[in-house]
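Chain IDs A, B, C and D follow the sequence of writing; residue 1 opens each chain.
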Amino acid sequence: MSVAETIARRVAPQLADGEVANLGIGIPTLVADHLPPGRAVVLQTENGMLGVGPTPTGAAVDPNLVNAGKLPVSELAGASYFSSSASFAMIRGGHVDVAVLGALQVDERGRIANWSVPGRPILGVGGAMDLLVGARRVIVATTHLTKAGEPKLVRACSFPLSAERRVDLVVTEHATFAVDDVDGLTLIELADGTSFEWLCEHTAADFAVARALRRAGA
Amino acid sequence: MPARSSKTLTASAAAALVARGTTVMVGGFGLVGKPLTLVDALLGNDDAHELTVISNNLGEPGRGLGALLCEGRIRKAVGSFFTSNPDAVAAHAAGELEVELLPQGTLAEAIRAGGAGIGAFYVRTAVGTRLADGRELREIDGVPHLLQHALRADVALVRAARADALGNLVYDKTARNFNPDMASAARTVIAEVDEIVEVGALAPGEVVTPHLFVDHLVLAGVAA
Amino acid sequence: MSVAETIARRVAPQLADGEVANLGIGIPTLVADHLPPGRAVVLQTENGMLGVGPTPTGAAVDPNLVNAGKLPVSELAGASYFSSSASFAMIRGGHVDVAVLGALQVDERGRIANWSVPGRPILGVGGAMDLLVGARRVIVATTHLTKAGEPKLVRACSFPLSAERRVDLVVTEHATFAVDDVDGLTLIELADGTSFEWLCEHTAADFAVARALRRAGA
Amino acid sequence: MPARSSKTLTASAAAALVARGTTVMVGGFGLVGKPLTLVDALLGNDDAHELTVISNNLGEPGRGLGALLCEGRIRKAVGSFFTSNPDAVAAHAAGELEVELLPQGTLAEAIRAGGAGIGAFYVRTAVGTRLADGRELREIDGVPHLLQHALRADVALVRAARADALGNLVYDKTARNFNPDMASAARTVIAEVDEIVEVGALAPGEVVTPHLFVDHLVLAGVAA
């Protein structure tokens, strides 16, 4: 299993039965494939659809039926389509239960940077900021380290923040952190094969440790 | 048998309605729901230069709006995600393309507001970020909001699946996206459609864009 | 023919072929019955419909199909239904070509009062103000005098104004006035059987007289 | 065969969700598109007092919201046209009913804004009239606009024609009116429907209110 899939598999159980979820581009999109059997999570995509189904194959691919990553998807029974303004009205208005987003950095208060890189022109933002202010709950799904091997969980983001609002949960291939206003990040789960020492060394943000720290299979 | 409509124009006649220096909205999310016949026809309009384009993206390199960009016809782009076209990044770096970047939801809402006679609105999105720089901040019920003005255009180019002869529009799946919003927010609205059906063939409860918004219809894929 | 129908018949030719019109409650609603044959005026009603057809009879009456006066109407081919917010987005956004409205008073600049009476509590406004700011053209269709015999065209409205925006045309059973920003009211048509002297006596607003003043049959 | 939905409640169970002193939106234009089964069920909820009602009208004497008004359960009404019910005029004169009057379009837009996460907006309607008294005025592009805050409610009672078992809604003709807007703008949304159909029976392009807005479904005309 790839690292991306490992992360997606660790996020999936966090989505409750009947919830409406918006899955961001990249690793978050993979979460749909790892939902526990029988768990009915309804997927919203901000380009204007509720009731997104699995990736189609062959002749079932419809160029007019894509997700926010512009990848082909299918339509489940009970789906609906709507305009961009209606889709973001839904998102901003608090009608989406949970958003799963990627991140470039997470600060120790649980705020994220996921849209812009210092030194490069600001030419893209998409729907991430809307989801961060509007979704009732936000889960970050990210690799623990950047491609260059730097920690993504940092004291303060050096990249521009995507919102003032903190996220609720941060899931990497090595660990899961709950986030609250008092303690910031709290380690609640450590992956099998990851030592606490390794984690401390590769996490630049301060974090608390839950009394009931769990071990989880990768 | 396809229906005849007094609103029908050829793609080139429609493209000729875009004058130098004007503001054009172009529907679509990436290339999905993009009025590509109309965008391609713009290349044949020698007056379509110095345009301000309001569109979520700027196409792909050499395709859709990307082709207009390559020819240096776009002066300014207003949208949410231009990084998907490296030509846009390069044009901006060269000082040839001005960019106004908005969160996607704020963009869509500003277009809707433009069509709905709303002057401006307050939204929480982007508060505390670099996209809030220079923007008016106001607390509403104790929560900081940013002021966003409505967006309007001279011409909107939208893509629908079917029109009836009056100009009522319905859309196909996620090809709907920005199209209904833009169809409300421009002085002249041109819809590219796959098919024009008889009046009465669309159920009144299913019409997404009522005909009073639509000035002209162009058949998709017919270049002349 | 009743006075109301006389007024409606004088308004009808002012609506051009292909225009989208919103007809207010009362006399304005009657305009639909007097459109010249072959003139395709599309009627919008602010409770959420475009393509309003004539009053149905008998079994064709549908309780879910009414105009803004809550009177039964029918559905023409090419009609559409939409929500209240979408309907007023249409109106405010300048997508309705012409509104025909009643008035309690019209001032000499062509501004109207049509929603509230001094001394009575303000408990109803409906969609009149929205139509006055949003319709591209506004035509007033009203009796020349109040039921008490007082002129409705006055120097300044004693009733509260409905908008700052002036209307474009005022049609009564006795006369038609064009309105512009320079001259205010200009008499352009006088009904057969109405003398200029009678009109001056029963019009409290100053008005200009068009060089090409027309006589029109009642 | 009607479909079963986990969102289905009896009218009285739904009415019990309205607590004393809360704000309730009620759809409909006059009695058209009014959730009359739910409104009548409110009469049986002894806790439904001191309500703030957001609704275009207050019913007719003794009918719909008029019946609630007769029983003195409505403390405040927010809407556009209350003069059609003489009881509302009398209650206001007696100091028993507070009224907030908005132009109908501003009312509808404020409800939509409440559901869309828009804090407030600027609108030209009512500028220079007595309804502008005490309101913030601001020029936008040289044109005066009034500030209007969004409206939200604790509970919305709406009327639709059909729901599927997930709660997707479609409406009948002009009975649509305020219902889709209100279905977006309350913490708890209860839809009264003629019929509940199987999931998949409504075409995805025709759904007007997607199911994520709808908490409970009640069958029209079934009082228990």
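Basically, a residue touches a chain if its C-beta (ideal position, glycine included) is under 8 Å from a C-beta of that chain, and two chains touch if they have at least 3 such contacts.
Just so it is clear, the model here is predicted, and its values are computed rather than measured.
By the document's definition of touch, common neighbours of chain C and chain D comprise B.
Counted by C-beta pairs in contact, the busier of B-C and A-B is A-B.
Chain A and chain D have CA centres that are 35 Å apart. Averaging C-alpha coordinates per chain places the centre of chain B 33 Å away from that of chain D. Each chain gets a centre from the mean of its Cα atoms; for chain A and chain B, those two points are 29 Å apart.
Annotation for chain C: residues 75, 81-82, 88-89, 91-92, 133-134 touch two or more other chains.
Those residues of chain B in touch with two or more other chains are numbered 109, 112, 116-118, 123-124, 171-173, 204-205, 208. If you check each pair of chains against the touch rule, the ones that pass are A-B, A-D, B-C, B-D, C-D. Note for the complex: chain A touches chain D at residues 20, 42, 44, 50-51, 75, 77-82, 88-96, 133-134. Listing the residues of chain B that touch chain A in their complex gives 29-30, 32-33, 56, 80-84, 88-89, 92-93, 99, 101-109, 111-112, 123-131, 171-181, 208. Every residue of chain C that touches chain D in the complex is listed here, in rising order: 45-49, 62-68, 70, 75, 81-85, 87-89, 91-92, 116, 121-130, 133-134, 160-164. The touching residues of chain D, when paired with chain B in their complex, are 109, 113, 116-124, 140-141, 143, 145, 149, 170-173, 203-206, 208. Per the touch definition, chain B reaches chain C in the complex via residues 112, 114-118, 164-166, 168, 184-185, 199-200, 202, 204-205, 207, 210-213.
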